[in-house]
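To start, the structure itself, in structure tokens.
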Amino acid sequence: MSFLTDIAIDAEALSAEVCRDSDGAVVTFSGFVRDHHEGRQVESIFYEAYRPMAENEIRRVVESVAQRLPEVRMAVQHRLGLVRVGEASIVIACASPHRAEAFDACRALIDGIKEMAPIWKKERSPDGEEWVGWQGGGRNEE
Amino acid sequence: MSFLTDIAIDAEALSAEVCRDSDGAVVTFSGFVRDHHEGRQVESIFYEAYRPMAENEIRRVVESVAQRLPEVRMAVQHRLGLVRVGEASIVIACASPHRAEAFDACRALIDGIKEMAPIWKKERSPDGEEWVGWQGGGRNEE
Amino acid sequence: MTAEGKSLTVNCSAIMRVRLLLFAVLRDIVGSDEQQLDVAPGTSAQDIWSALRDRHSRLHGYVKPPMTAVNLEYVAPETILRDGDELAFIPPVSGG
Amino acid sequence: MTAEGKSLTVNCSAIMRVRLLLFAVLRDIVGSDEQQLDVAPGTSAQDIWSALRDRHSRLHGYVKPPMTAVNLEYVAPETILRDGDELAFIPPVSGG
């Protein structure tokens, strides 16, 4: 199953997907597009991915967490394309018999995905559009 | 607003309630009735509370987290009465501009509520009913 | 100390009224969820617990109450009760 | 080294074909999202980056590529390319 989606994410469905009758705890993380970033007003974000590699990298993060926390069932959906303020760009759901593992897994997943998945965002504000973070024009070595 | 409810909890509504356009992260915790506990099959759990004190204690936990993490908005609903396997007994939603605070608040809330709120559960299994934990008949001093 | 009907009297010269609430397994053991107690000035929550304990064999092993609340606040069992207080012994909680 | 049209040639005696993918801000800087490169045996990902850097002023400050992937895996920029490889330079990611 794909971790990437071009349509709105159904968080409730994702929780239901991972939660079994033997699970006592479900922890979810949802990332939302904020209305501001570094002092600029934001209207929407365009998410772009190197799709096959992003799928691989997210699967790798999931597998490494699963190996460390085998009791946790996990689901991840990352949205691509135009995402408006107040809409979710990513939803993660982790279900486990006990809560400590579910919290641990959920945090490890979002941290790992943010670090590794080749996904980029371009912010759209009233002043125009801009890729977030690295934009070239600087230098990485003296 | 009451933290206690006698009807099914709407997790999605709780998330929507706390999340503003300036929030980038929402973390939720849902506690579910599991189909087993300490080797026994469980069919449902009956939750009882010392209601006015439980409201006070949950409010106190929320306020102490709010003081430490003022950027986080929090909502808590704990269900009372009969809750069946697969239904949520508690849902907590924490929204924040950044994810670290939302995870921190959510974990602190469920830990604090579990420790402090005067709420008890009676498990219903095919063999009968039993209060979970302390049941008298032992001793606390030599 | 005397015990008549469902009321639990701690001191015969009682001039204060305390409401005792019982929850969960404690209610099942005691057989009621609420008792009006007439107690003497200087009576502590611990005194009420000790009287309760004397009357119910499943509590005999517990010299101290599990947890104690007066007027919706956790307190030490040594707390001296006042007229009109709402007293509750809180069995170990299991919410969430 | 010559540069004709949109194709980026690193070595004139090239006998291998490598597919270069460009994303996000790098695609905007370079002006294309994909290039077919003819490269000589022994060419590294770093060699391709250096050629790219020479052609685009906004990359001049970057001796090293941001991150490098070959066939969907992160690799060190010194990695030697092979015929048919899919090479991508990965600008710092900002997903989630």
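Every chain is named by a letter (A, B, C and D) in the order it is written, and numbering of its residues begins at 1.
Going forward, contacts are C-beta pairs under 8 Å (C-beta built on N, C-alpha and C of every residue); 3 or more make two chains touch, one makes a residue touch a chain.
Small disclaimer: the values here were computed from a predicted structure and weren't measured.
A.B. asks: Using the touch definition up top, find the fewest steps from chain B to chain C.
C.D. replies: Counted as steps through touching chains, the separation is 1.
A.B. asks: Please identify the chain with the largest separation between its CA centroid and the CA centroid of chain B.
C.D. replies: Looking at centroid distances, D is the chain farthest away.
A.B. asks: Using mean C-alpha positions as chain centres, tell me how far chain A is from chain D in Å, no decimals.
C.D. replies: For chain A versus chain D, the centre distance works out to 27 Å.
A.B. asks: Indicate the whole-number Å distance between the mean C-alpha point of chain A and the mean C-alpha point of chain B.
C.D. replies: Result: the chain centres lie 26 Å from each other.
A.B. asks: Cα centroid separation between chain C and chain D, in whole Å?
C.D. replies: The mean C-alpha positions of chain C and chain D differ by 78 Å.
A.B. asks: How far is the middle of chain A from the middle of chain C, if each middle is the mean of its Cα atoms, in Å?
C.D. replies: 52
A.B. asks: Where in chain C do residues touch two or more other chains at once?
C.D. replies: In chain C, nothing touches at least two other chains.
A.B. asks: Specify, in ascending order, the residues of chain A that touch 2 or more different other chains.
C.D. replies: 31, 110
A.B. asks: So which chains actually touch one another? I want all the pairs, not just one.
C.D. replies: Chains touch in the following pairs: A-B, A-D, B-C.
A.B. asks: Using the touch rule from the top, collect the residues of chain C that touch chain B in their complex.
C.D. replies: Answer in residue numbers: 21, 23-26, 28-29, 56, 58-64, 66, 69, 72-74, 88, 90-96.
A.B. asks: Quick one: which bits of chain A touch chain B in the complex? Just the residue numbers, please.
C.D. replies: 11-12, 15, 19, 21-36, 85-86, 97, 99, 102-103, 106-107, 110
A.B. asks: Where on chain A is chain D touching in the complex?
C.D. replies: 31, 47-50, 52-54, 56, 78, 89-90, 110, 113-122, 131-141
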